[in-house]
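These notes concern the structure reproduced below.
We call the chains A, B and C, going by the order they appear; numbering starts again at 1 in every chain.
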Amino acid sequence: MKKFLSLVLALAMLLSVCAFANAEGFNGEIKVWVAEAVVDFTNQQVEAFKAAHPEYAGMTVTVQAVGEGDAASNMITDVEGGADIFGFAQDQLARLVAAGALEVVEEGNAAVVEAENDAGSVAAVKMGDVMYAYPMTSDNGYFLYYDKSVVTDPSDLDKILADCEKAGKSFYMEINSGWYQTAFFFGAGCSLTYDTDADGNLVAMNCDYASENGVKALKSMIKLAKSPAFVNGSSASNATNLGAIVDGTWDANAVKEMLGDNFAAAKLPVVDGYQLGGFGGFKMLGVKPQVDENKLAACDALAAFLTSGEVQLARYNAVQWGPSNLAAQQDETVKANEALAALAAQLAFTMPQGQYPGEYWSLATALGDDIIADKLDNASDEELLSTLTSFQTTAGTYVK
Amino acid sequence: MTDLDYLKLSKPAKIGYDFLSFLKRIPMGIVRGVQKLFRSIWHIICLFGANVKDVIMTFVNGDWKTRISFLIMGFGNCARGQWLRGILFFLFQTVFNLYMFNFGMPYLAKFSTLGDIPTTKKGRVTVYGDNSFFILLYGILTIFFILAFIYTWRVNVRQNKLGQKYLKEGKRLQTGKEDLQSMADEQFHKTLLALPTLGIFTFTVLPIIFMILVAFTNFDYEHQPPSKLFTWVGWDNFHTLLSSGGANYGDTFRQVLFWTLVWAFFATFLNYFMGMLVAIMINKKGIRFKKVWRTILVMTIAIPQFVSLLYVSKMFAADGLINGTLMRWKWISEPIPFWTNAHWARFTVILINLWIGIPYLMLIATGILMNIPADLYESARMDGANAIQMYMKITLPYMLFVTGPYLLTSFIGNINNFNVIFLLTQGKPLSMELAGNAGYTDLLITWLYKMTVSDTNYKIAAVIGILVFIITVIINLVVYNLMPSVKNEEDFQ
Amino acid sequence: MTTKKTSIPEVDIEIDQEKGVIREVKTEKYLRSKKNHEKHVNRSIYTILVIMSIIWLAPFVFLVLQSFRSYLTESGGMVDYVIPHHFSLDNYRYLFQDGMFFRWYGNTLIIALVCAVIQTCMVLSVSYALSRMRFRGRKLFMNVVLVLGMFPGFLTMIALYFLLKQLGLTQEGAIPGLILIYCASSGMGYYISKGFFDTIPKSLDESARIDGASRALVFWKIIMPMSKPIVIYTIMMAFMAPWGDYVFASYVALGRAESYNVAVGLYRWVNTNDYQGYFTRFCAGGVLVAIPITLLFMFLQKYYVEGVTGGAVKG
C-alpha cells in the first residue's frame, strides 16, 4: 500500500511539474535571422510580443541581419549553429526540409495560417500536405517597371523594345535566371514542376518544355536577346540606363529614385501573342527543430506572432513588403501601392512557385547563358526542340 | 648522339631533337616517379618488419624492469632513475586509456557503418540520433591516436632496451635535467617543431584524411547530419565523375580540367614573359624615372585583390564602364559580351590576370636582372650582338635557369588560382553542356568551391579535390624528374 | 656571332702619329645613327610605359573618384559616368558612423596583427629547424608537407568548420577561430625562409657552439639579428593575407555580422541583392582598406623583393 501511495505521489508531482513547466514559458535565448531592411522592425515587434506574453518576457531574442538566400544556405551548412527562426524564400523549402532545418508547424497554428493567408502562400509553405513554415509575404513575384516618358505602350513587348531602342535606353530582364525565364515558358503554355513528398525528397518531374509551345517561348527569348536594347539583369541599382526592367517590389524604391515622376509599373507585357506569366513567390519564416519543448513552444509562438495579420500590415507600412495575409491585403494603404497593384495584376497569370532542386536553377541559367551567348541564334526549329528535349531530360535526372 | 654531332646540326634540327628528347623523357619521368614510390613503400614494409623483430627480441632479452614496461609504460625509465621520462610515458598511457574508454571506442565502434541510429521525434521534440559526421571525424582521430600510442609504446620499449644495455655497459643514463637542457640544444628541433607539427596535424592532416574518406560516402545535402545519416558507398562517386555520355559530370570534368590547364599555362607563361619584358624595358640604360615606373606598378600589388577584382568585374559588365564608354564613343553599337560569351569571358579573364600578375613578375625579374653580370653583356656587344640576340642567348637562359622552380610553383598555383576567377566571373557563363553548376571559366577549384558551399554536395567536392591533388602530383613528379636535364642544357650553353 | 651589316660605315682608320698606332674609331655618322636609334627606342619605351601606367592605375583612380559620389544625393549604385557630379564625403561618413564597417575593419586588423606575430614564429621555427639541423624524419617531414600542400585548400572547409565548432570558435568566436585556422598550418610555408637560412654559412653556428652556446642561444642571439629581411618579409605576408580572405571568413562567421572581416562585408555589399545602392560605399570601403596596405607595401617593398627573389631563386 505504501509503495502504491508513493508511486501515485511521485506521478502527481511529475505531472504538476510538467504542467508548471508549460505555463512557465521560456527564459533562454532565441536567435532570429531576417533581412537587413527589417532588423529594426523585427526588434520592435519582439518587444511587443514579450509585452503581450509575460511568460516569455524573460527570454533573450537576438535578431541578426542575414539575407534570405544566405540564411537558407547557412542553415543547410550547419543546422545546430543556425538561427532558431529565420526568414527565407520558398524556393529553398525542399532543401531546408531535406537537411532537417525546418520543424513542422504546430497544428493549431497551421489551421490559423491556412485560414488567414492567400492560397498561393499557403501552397508555398507546404510539402505534400505538411506545413513547414509560416507565410510572411506574397510579393516575391515580378512585373514590369518602366519609364513613362520612354515606353508608350507597356502591353506589348515588341513595342516596349522599339521604344527603348529609339530612346537609346535599355530593357533589363534576367533571362538566364530560372526564375524569370519561366515568364516565357509558362506564358506560352508550358509548365515545369517537381513533385515532392512530405520529407522534402523529389519524387517526380512534370515538364513539357519540349513541345511547340516551348519552342515558341524559346524563340521569343532569342528575339529578346538579340535586341540592342536588351541587357541581362534584374537589379535596379545596377541599371545604368533604365528604360524598362522586369523586377520585383523589393526594388520599388530604387526604381522610383531613378525615374522620379516617370515611374510606372504594370503587369508583364504580351509577346508573340501570349501573355508573359511566371512565378508567384513568397517569403516565410521557418522554425528550426528543437530539442527543448519549451523553447519550441516559444519559437512557435514568436513565429506565429511575427507573421500575424497585424504585424504583416505593420511591416508593409514600414518597408513595403506585400503581405500574404488576406485581411492585410485588403487594407487601403496596401491597395494604393502602384508596384503591389502591378504585382497583383500579374499574379493572375502566375503559378505559385513549388519546389525545385538546386540543380534546376543552374540548368536554367545554362540555357539562358546559351541564349545570351548567341549560341541558338540561327537554330532551326528542330535544333531548338532538341535543345529543349535535352533540357527536359536533364531536369528529369534530378529526381533520384 | 655525341655532343659534337649535336653541335653540327642545323638550328631547326636542334629544336626538333630537343623536343623529341623532351617527349621521350616524359614517360621515363613518370616511370621513375612511380619507381620511387614503390621503393619507398617497400622501404616502409621492411622498416615495419625490423621493428617487430626488435620488439620481440627486447622482450626475450629483457630483465624484469623491461618486461613490466610492456604493460605499464614508463616503469622501466622510473626504475632506472629517469623519473621525468618515466612519468611522462605513464601520463600519456593514462590519458590514452581515458580517451579511448570515454570517447574513442564508442565512435570507433560505429566507424564501419557511420552510425545507424536515426533521428527520431518525441512528440514535437527532436531527438538526435547518431551523427555520421562526428563518427567519421573522431573515428579518424581515434585511429591516429592509436597509431601515436603504438609509436610511443615502441619508443618506450626501445628506451628500455637501450637503458638496460647502457647500464650493463656501465654508462650513465641521462637525467631529467639533462633532458630538459638538450631540448634547447641537440633536441632543439623537437622544441621548434612541436607546436607547428601539432597545428599541421590537427588542421591539415586530419581534415584532408576526413575529406578523402568523404569521397567514398554519400554525404550531400540529402544526407546531412545531424538530422540524417550518411554511409559508405565505395567507388560510386568516382564512377559518376569519370563516366562519359551526355552532359554529365564526366564530360564536364574533362572540359573543366582542359580549361584549367590552358588557363594555368597562359596565366603563368604569358605573365612571365610580359613581366620580364616590362622589367627589361624599365631596366634599360637611358630610361629615366626607373623608380617611378616601378612604384606605380608595384602599388597595384598592394591593393587587396578582392577590391580591385570586384571593381574590375563590374567595369566589364554589359552595362559597365567599358561598354558604356565604348558605346558613347560610337566604337561599338551593342555591348561586348565580356562575361556572357564563353570565349570572350576566357579571354578577358586571362587579360585581367595579366593586369594582376605583371607587377609581381616585373619585381622578380628586376631583382634577377640586376644580378646578371654586366660584363656578359659587354663582351656580347663587343662581338657585335644586337639586342634580340643578347636577350635570347644571355638574359632568357639565365632567367629560366634561375626561376625554373618558381615557374613550376607558379603553374601549380595558377591551377588553384581561386581568387581571380571567382571574383571576376564566379565561373560563369554556365551552359547546358556543362553539368553540376559548372561554367566556362570555372577552374576545378572554383567548381569545388561551388559544390561545397552552394550545392553542399560534399561527396563530389571531395572527389574533385582528390583528382586535383593527383593531377598536381603528376605534374610535379614529371617536371622534377625532367629538371636535371634542363639544367644540363644551361651549363652546356 | 656575325657582325650586323649596316649601310653606314662603322669604323674609320685613324692614324695616331704621336703614339705611332693605328686605331679603329667609330665614325661620327655611325655614332650619331646609333644615338638616334637609341632615342627612338627610348621614346617608344616611354610611350609604352606611360600607357601602361594609365591602364594600371585607372581602375584605382576610378575607385577613388566613385567613392566620393554620395549615395544620398546621387545614385549609390552603378552609373555610367565616373566623375561624380558633386564631391561628397557621405560615403566615408557612413563607414565611420553607421553600419558595421568599423567593426569589420577592427576585426581584420586584430586578426592580421595576431597572425603576423604567430605565423612568423611558426614559420621561422620550422625553417630554422629544417635548414640547420639534421635529424631522423627530416626528409619525411619535408616530403609530407610537400604532399599535403598539393591538396586544394577549400577541400577541408567543412571539416575545419565543424572542428572549430567543437571548440566553440565559430560565430561569436569567429575571430579566434579564424586566427587559429590561419596560424595552425602556417608552418607549411617554410620554403622561402628556409632558402634564406640556407644562405647563412654554417660556420657561424659551428664557431658559436664551440664556444659553448646551445642551439637555442645560437638561434636567438646570432641568426635572428642577421635575418631582418626575411623576418620582415614573413611578417608582411602574414599581415596582408587576412584582408582578402572571403571564403573562410564568411563560412566561419555563419551569418553573424559582428564577426565578419572586411572582405566579407564589402563582398556582400556588392554582390547580394539585399544591398541596393551600396556600390559607392563599397568603393569607399575599398579605398580605406587599400591605403594602409599599399603604404605598408611601398615602404617594405625592398624586403618583399629580397624575400621573393632570394627564396624563388634557390627554389
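In this section, a residue touches a chain if its C-beta (ideal position, glycine included) is under 8 Å from a C-beta of that chain, and two chains touch if they have at least 3 such contacts.
In this text the structure is predicted, and so the values were computed from the model without any measurement.
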Chain pair bearing the highest count of C-beta contacts: B-C
Furthest chain, CA centroid comparison against chain B: A
Distance between chain centroids, defined by C-alpha means - chain B, chain C (Å): 20
For chain A paired with chain C, centre-to-centre distance based on mean C-alpha positions, whole Å: 43
Chain centre separation (chain A, chain B; CA means) in Å: 41
Chain B: positions in contact with at least two other chains: 317, 319, 324, 453
Per-residue overlap in chain C, given as positions that touch at least 2 other chains: 78, 80, 158, 162, 251, 279
Residues of chain A engaged with two or more neighbouring chains: 77, 80, 238-241
Interfacial residue positions of chain C with respect to chain A in the complex: 75-80, 158, 161-162, 165, 170-171, 251, 254-257, 268, 272-277, 279
Parts of chain B lying in touch with chain C, wherever the complex brings them together: 133-134, 137, 181, 184-186, 188-189, 191-193, 195-197, 199-200, 202-208, 210-211, 278, 281-282, 284, 286-287, 293, 295-308, 310-312, 314-315, 317, 319-321, 324-325, 328, 355, 359-360, 363-364, 366-368, 380, 383-386, 389, 402-406, 412, 416, 418-419, 444-445, 448-449, 452-453, 458, 461-462, 465, 468-469, 472-473, 476
Parts of chain B lying in touch with chain A, wherever the complex brings them together: 119, 123-128, 221-222, 224, 226-228, 246-247, 317-319, 324, 333-335, 337, 340-342, 428-437, 439, 453-456
Residue numbers on chain A that touch chain B, as the complex places them: 73, 76-77, 79-80, 95, 98-101, 103-104, 106, 170, 176, 201, 228, 231-233, 238-241, 289-293, 296, 358-359, 362-363, 365-367, 369-370, 372-374, 387, 390-391, 394, 400
Chain C-touching residues of chain A, taken from the complex the two chains share: 33, 35-37, 64-67, 69-71, 74, 77-78, 80-83, 235-241, 250-251, 254, 257-258
